[in-house]
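Working notes, beginning with the structure itself.
Labels run A, B and C following the written order; every chain starts at residue 1.
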């Protein structure tokens, strides 16, 4: 896989606006700064339209959701749509409660997303496929994840990215299968949330018509940074891994990412 | 002390639902993942009843409190009570303001708690004993902490756990005195909040009628993990300790905890 | 520069009340504990007046702002003013949206601040000087930062502190120019928020009429702790730096800070 946007992120420092949850806010902001983007976290409806239009990407994350945040997300998403700013959805625990199911459906109906990124359980819910999710964790199931990604991309006209041991990133016709990563990722809370906002940073600098590559590259750079961060660590050292991941998001370069990338196009 | 529930937590990955504060959310989630549980943080009243009933334990933490969270806590607690899901209370800064005093009293009146865990100042307030607390910190006083734990357990029909240099865990008749720990604990914010949610994870897997042991074991495993994390660190290295604590919550095994446990039954 | 208040902070452990954002809450609390203060984070209007009056300093931070927090800030600030408790303002992203512009103006009009601390972009906005800020980051501009600090101090009768590669701290007549620091600071989110609350801790123990020195000392101790934390780290290791900074805020002593301080009085 060609790594062509990482240097762009660093050169242009895109302002990425996040409506996110109280678990991920700090970690996501530090990860964005490390990769070279400029984060802002805000969630009052009173500044959403203004803020979204002035950003280079908007990331909507439905963790620690409430009705006020839903209003803020709708305002931010619509404003970004009008301004041509790419919007990313992280449907945290999408199928777990009525509030999350309704919000996910409403956001997908009223906002045009450049990308939707979630774990298998969340994306299976969006695709309407049976899956045993567990709260905000991926859970388990036997559905074909590549097909789920493809279906979501087709239905919603976006890039769909499913993260897990293997990642699938699809635009509805082509699908990247990404085999990089480390078992330490699911042991760090908000590591998925951080990836979603990194996707936002890459979407911000993507050339027109090249969103599939931009999202796949974001997932690849992130997964490889995780591999590098995990080097020398035990599988139980999730505290050390979270720190090392931030370091590696700052240190990783295009050559390293390209050399280690294990991407297959389906 | 027999360590019999740690492996159960890891085998069953209980879903622990937290209504918690903006200071502890990330740290508590990472600690829960490390010990082997599956965290969810949420606080909108609109999904509380549903979420609490689907969880294996519910932990109510009154830090960064507001009236909306109080409603969410009541909804979650009552739903968990109906579903037979154990509920843990962390009465952060319980005596410090009218809002916290009223909320603590109301929660204890309207919800049946499996366990209440706090520092000396918070628990002295609940027991109605004079104590010089300092904000959300323990403060100082001369009351008998073992008696305070016993009294709270009797009055509220729960396990009462007081954390500090020495921990006291009581069911109203028997009381465990736990001497493990490190001076680094009070230097890490939310280290008490994290313990409360670890108590939730152990409560989730406790056998019927064995809640005193489950809570005492949770406190023991946590304190020993802290001792191990503090090895080789200066007392000023609270940043490094917070990271090492997460690592040790992942690494600690039943034998280590049993071998280092310093528990006396009163 | 004489370092006279660091030991006072450690001896008196001032209770510092923070109304802050979801990004900085954990990091700020850990930094306050490390330096020797006692943090409390809370933002419900229902306990603000009570809490602020019982604290040794109040720090108002307008990140992740909403209308409820504005009410809480006004209540806390006015209560602190009545009780003679010093109040610090961190005007995060002050000029970026109407909500932030209006809130900053209103807080400065209705509350007497002991100190206002922000980055160049935020402080230029307050001073009414042209500057190209970028979200919550400093951005770039050519105005004279020393003059901006002086003007804000004069207009608002407070100490004004501008942080960046060079810091300027002014009471309107005298201005300290501080050249300590590390390029890693702007790579760690909320490192400015943490400094603001450290300023609160020093303000809490300042002798009457000595606020300029107290704020300048806080900035110096913090910047030197950052230099020490950065030793041996690459400029990309922002994750490790955040951890080391907390460690160094705990370890730094008055002699180290005085020996390394590079302060010039203008």
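Basically, a contact is a pair of C-beta atoms (placed from the backbone, for glycine too) under 8 Å apart; a residue touches a chain by one contact, two chains touch by 3 or more.
Since the structure is predicted, the reported quantities are computational estimates derived from the model, not experimental observations.
In a homomeric contact, the two copies may use the same or different surfaces; for chain B and chain C, under half of the interface residue numbers are shared, pointing to different surfaces.
Overlaying chain A on chain C by C-alpha atoms takes a rotation of 120 degrees, rounded in steps of 5. Separating the CA-averaged centres of chain B and chain C is a span of 32 Å.
Residues of chain B in contact with at least two other chains: 22, 25-26, 242-243.
On chain C, the positions that touch chain B within their shared complex are 13, 15, 17, 22, 25-26, 29-30, 33-34, 38-44, 46-47, 50-51, 54-55, 68, 242-247, 250-251.
In the complex of the two chains, the chain C residues touching chain A come out as 21-27, 63-67, 93, 96-100, 134-137, 186-190, 234-240, 242-243.
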